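Some structures are shown below for you to check.
Across the two complexes that follow, chain A remains constant while its partner is chain B and subsequently chain C.
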Partner chain A sequence: MDTILNFFDKILQPIFEITTTLIQPILDQLQVIGLSGSVVNFMLIAAILGISIYFTLYCGMFSLANAGFMAIGAYIGAILTTQHDASLGEALIWGMFAGGLIALIIGVPMLRLKNIYLAIATIGFGEVVRILIREFDQLMGNLRDDPTVGGIVRDILGLLVEDVDARRLRITYGPQGITRIPRETEVAHLVVFLLVLAYFLYRFHHSRMGRAMAAIRQDERVAASQGINVVYYKNVAFFIGAIIASAAGVFSAHTIGTIGPEDYDFGRAVDILAYAVLGGLGSWVGPIIGGLTLEAMPEILRELKEYTGLINGLILLLIIIYLPGGLTSLFRPSFWLSRGRFDTAQRVVTAGIVLVAICNVLPYRLEAGAQGRVLGYEVWGLLPAFISVGVAFFLVQRISPKPEGGRYSVLLAGVAAGVWLAFLILGLVGQIENVTTGYYLHLIGMALIVGGALISYPPEIEAASQRKPEVA
Partner chain B sequence: MLSLKNVTRYFGGLTALNCVNLEASAGQVTGLIGPNGAGKTTLINNISGLDHPNSGQIIFNGHEVQRMAPHRITALGLARTYQNIRLFNEMTVLENVMIAQHFLGKSTLFHSLLQLPSHRKEERFIRQKSLDILEQFGLSHLQNELASNLSYGDQRRLEMARALAADPKMVLLDEPTAGMNAVETEQLGEKILDMKAAGIAVLVVEHDMALISQVCDIVYVLNFGEVLTVGTPDEIKRDPAVIEAYLGRDE
Partner chain C sequence: MDFLIDFFNLNDVQWVPQIVNIIWNGSLYSLFALGYALIFSVLGVLNLAHSAIFMWGAYVGLWAVCGNTVFDGQCPAVDVPVWWAIPAAMIGGGIIAILVDRIAFYPLRQRNAPRLSQLISSIGIAIMMVAIAELVFGKERLSMPLDAIPRRNFDIPDGLSIENPLDIGRIGLGMYVAEFNILLTPVRLQIIVVSLILMIFLGFIVTQTRLGQGMRTVAFSERVSSLLGVHVDNIYMIAFFISGALAGAAGMLYTLNSNVFLPSTGSELTLKGLTVIVLGGLGSIRGAVLGGYLVAAIEVYMVAATDYGGLADAVVFFLFFLVLMFRPQGILGQPLPDRA
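Moving on, here comes the complex of A and B:
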């Protein structure tokens, strides 16, 4: 074991060093918008967690068990590094091993369930893990002193602690949790791990297994009668998700330095789901983008930190309603082009509105925008005006009858943005030297709105949609 | 090839199949007709393992399959289509056919991760074979289209192509011509006769008597879950009991 680890160390150390140098410029950029230190670690860990749930979702299983696996990884890893002087690498291997083993054991009975029933069972699993961790020392103490099972329990505990006979066992430290965990996780570790995962995912999609899991998600019964062993693949997906979540647990414990059972509650399970949903399940970039974005959000919006939960919730809600394919669907040409010109226009306008809205918040983080001024106009002063245009856009769209509502709203947004754009351009001509990145993004956003409004005219005649005959 | 012995299936109080006996052999097209709700789809589900009989025996290719999981029955050489088309809509036409050859493949995720030659070879082989099958069904120009974007007739054809992709010994077709016009129906009949010529056993559920006469060697008539009569298409058409069963329903 030791020789193998040494061998890996020899190979990996230079890789980590090279990675560290390569990502330094990116880290410097992130620092400008307020993302530095352990925040970057947490962003990357979130991306890893996003991938962990991606596997189960990809196979059509709604599992919320990954917070539990994260806890298992975190605790096994932390116990090994704090009580056994293990290295981060060893902690990682054992953490993943433990998570995987438990996934195999509970997978077979649990994955018979579907949909909401599976969700509830996996939430239950997470809660059981959390409570077991909290009561672990007490429980094990009692079992150890039990005359019948004492022997076996003692052997198992021997793997975790040196002093099995201590009057009070100290393994998970109950509700207080484990403190003073060495903070050994480096950004380079996470980047390399994530890159390996990304490659794994990329290949997964084009593999026989990936196709089988996609088939199971789309129609389990048909997949089965195409010769796919549904039970087997569901367990494999659950297992892969579990070991990845466990790894994320080990990394996060060695980033924060302190862990407690409450870190892995239901809220965490929902966060993990949110990473995947926000990013979108269409491709492997989805969960990565989702994890990075959602974890970075509270830091970027530091002024609004107390409303983090609210903002994250709102963002998720909007994404689910308006972008069911997640953020990644924005990068697909088909998203913009497939539904006829007017739909495209509406989407372009919406994108512009969102972009301008983001710019109105971001200038505080972008270079010279830190003064909060864009060419003499107070950004915050413009914001209310802009929000009212945005709100009007969506309201008109909702309230008035289709498709006129859409047309009026696009027209309205286009005119408002056009006026505003004129203002900004006039300002630009005067003070060209003060221009910031945020300003350019702002201009692009505005141009999108105006452009979107323009391509929606003249209104095209809706093509009669080709409907397929329904069959009973 | 396929033999059902006293197959019975209840749903609560309803007897969907009652002591059904049926034989189908290789190189023969067996027809299965009957009014709506007669139990035809239930029968096909029971043979393919998506549903299991309460009692009775189903022997396929020398194996008792009445309790077997569907993927294992498929591996024995059974393929099927569905009454209401069930394609993998988020996949391309080509992928839909490739999926059907899943169980023929051996490469695992690790082969794919390391891009081992055996993996590439297998992928190439599956892809090429799928393209050949699409060609046969005149779908190759649509290979990269999402299955959900296909026209209705093309979707039916794709389902058929998918069923044939795994070199089955027997194919179950559940109303393959539903929603097709007369020309398309006849073309599909030709395809069924091709299968028969290739030595495949075909069991086809149909309402269209023209197709039944075109392709079937023997026809089973099912009514209220029981086999009413068995005979050649001509015998069936003249059988008063069959005529009554059909006239008895409102349509």
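Moving on, here comes the complex of A and C:
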């Protein structure tokens, strides 16, 4: 084991060094817009987590178990590094091994379930893991002293701690969690890991396995009739997702330095889901972009820290309702080259929204990074932006398939335009300092939105007939 | 029987107080889960924002009896009888539930989006509602003044004394029945009575009225029911109102008992409610009631008769796991096709 690890060390060390030098300029740039230190680590971990849930979703399984696997990886890794002086590499290997093993054990019975039932069962799995970790020390302490199963329990515990006979077991440290974990995760580790994963994912789509999983997502019965082993591929997808999530858990534990069972509750599972949903499931870039964006958002919008929950919920809601393909669908030519007039309008409006959102955040951050805090701009510059983005998203819905939508959309576009105009005038009069190109980009975005709304007016009747009936 | 008592380690358990605990906890869980189950049976989606509606219902009830001071994060005095909060919470919860439907579910229904998208959007709006509550009411806990909630001071029972700190709560909070070692507070009685009334009322609506017939038709198939002349949109709206009203009532009763109002109230009930409706049977009204009492019984048992009180939730989830594996329709549910 040691020789293998040494061998890997020799190969990997130069790679990490080269990566560190290569990514340094990017890190410097990120620091300017307020992303530094462990934030970058968390962004990359979020991207890895996004990939982990991507596999199950790609196979058509809605699994929320990844927070549980993350907890398993984090705890195994942390126990190894704090109590056994293991290196990060060893912790990573054993964490992934443990996560994978548990995925194999529970996958076979659990993946018989489908749809909402699978979602519920995986939520239950996450909760059981969390509670067991919280109560682990007490439970194992009692089982160890039990006459019948004591021997086996001792053997298993012997793998985790040296002093099995301690009066009070201290393995997971109950509700307060493990502290003082060495913070060994470096950005280079994460970047290399993520690149390997991304390459794997990129190749995966065109592999036999990827095609089989896509077929299962489309229709399980047809896939089975084509000779695809549905149960096998579902378990493989679940397994891959679990080991990636465990690895992310190990990395995150060695980034934060402190872990507790409550870090891996239902909210974490939802966050992981949000990475994938935000980025979109259409391509392999999706979960990576989603994870990076969602994790960076609270830092970029540091002044709005109070509203983080609001913004996260809003993003999840808006994306799932108005942009089901996620952020990556914006990069597809087919999204912009549309078939009918309504679609054009919708695309144009979306372009406007994206433009406005970008130019609201970036110029401010760049300036603040260079010159320190810019008072006044920060709140008043972002508030109308959020109002207008909200209104504009509402517009997209109104414009799209409903024939009577056009009238409202013009009205609401007027409201959005009014908000922006007030903002612009305030800026020009001098109430708000630092009138930058952002304002002109604002104008363009606004024009796009109003224009899009106008294109859709007068409404066309044929749009109503385009709604497809639900196929059972 | 003796064997069973030994096996489950029930010798030291005081029966009456624990059964009372099961009844009032279970009533609360059932009341909460009923709304969950109603939406699941009519729409076929899990409304994970149900606990957020529960929390908002409690705040609306507090606002109704306390006035606008709640927005400053305090509640100095309650002028009206505190029970008025319950109908207020029900109406508030109902209206909020309709809003949740219009914002999170309606656009997706229009688009015939997959059911799982609706699950995700309900998670999104739940996060938002908690965040909004934090902004509106503050993150700190709110409480009603102590004299607002009726606490009947009976004569001090034998065996208790003012001197003993452990006894003070028992004396002040309500009626302490020494021979059974149980504490009856007006709030807990209220929980049991209101829950039973609402459960029976809901059962009556769903099984006996034309409205309930409409709901069951929509649950069977939206298309068929619209062909039969059922106004589907109205049914959805009414179903959401009823579910929100039940959540609001549950939220108000829950917070009246603990007298702690927090934006995070009820977040633990999201998953507990899920176990309740799965154990009883997804989408079954009677199943939700049964599941509520079952979960309460398991919890009370774990705390009272074993050393593993902290593992109560894990046991509930493990049972829930087994039920999903071997009988996904739940104990009282209908067989379903959605299974491999």
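The criterion applied here is as follows: the second predicted complex is superposed on the first by the 356 of 472 C-alpha atoms of A that agree within 3 Å, B and C clash if a C-alpha of one lies under 4 Å from a C-alpha of the other, contacts with A are read in each partner's own complex, and residues count from 1 in each chain.
Convention: a contact is a pair of C-beta atoms (placed from the backbone, for glycine too) under 8 Å apart; a residue touches a chain by one contact, two chains touch by 3 or more.
Just so we're clear, the structure is a prediction, and the values are computed from it rather than from any experiment.
Once both complexes are superposed on chain A, the partners chain B and chain C fit side by side without clashing. By the touch criterion defined above, A:F125 lies against chain C but remains apart from chain B after alignment on the C-alpha atoms of chain A.
Contact with chain C, but none with chain B, is seen for A:I116 once the two complexes are overlaid on the shared chain. With both structures placed on the common chain, the touch criterion links A:F239 to neither chain B nor chain C. In the superposition on chain A, contact of A:Q226 is made with chain B only, not with chain C.
Of the two partner chains, chain C is the only one touched by A:F266; chain B is not. In the overlay built on the shared chain, the residue A:Y173 is in contact with neither chain B nor chain C. Contacts of A:S207 after superposition: chain B is touched, whereas chain C is not reached. Set side by side, chain B and chain C differ in how many residues of chain A they touch, and the one touching more is C.
Minimum C-alpha separation, chain B to chain C, in the superposed model: 11 Å. Contacts of chain A with chain B, set against its contacts with chain C after fitting on chain A, overlap at residues 468-469. Chain C makes touch with chain A in their complex at residues 45-46, 103-104, 107-108, 110-113, 115-117, 119-121, 123-132, 134-135, 223, 270-271, 274-275, 278, 307-308, 310-311, 313-314, 317-318, 320-321, 324-325, 328, 338-340. Considering their complex, residues 48-50, 69-71, 73-75, 80, 82-86, 88-91, 95, 98-100, 102-103, 105, 107-109, 111-113, 115, 119, 122-123, 151-152, 155, 162, 166, 178-179 of chain B touch chain A. By the touch criterion given at the top, residues 199-200, 203-204, 206-212, 214-215, 218-219, 221-231, 468-469, 471-472 of chain A touch chain B in their complex.
If you check the complex, the residues on chain A that touch chain C are 62, 109-110, 112-117, 119-121, 123-125, 127-128, 131-132, 134-135, 138-139, 142, 220, 266, 270, 273, 277, 306-310, 312-317, 320-322, 324, 397, 401, 467-470.
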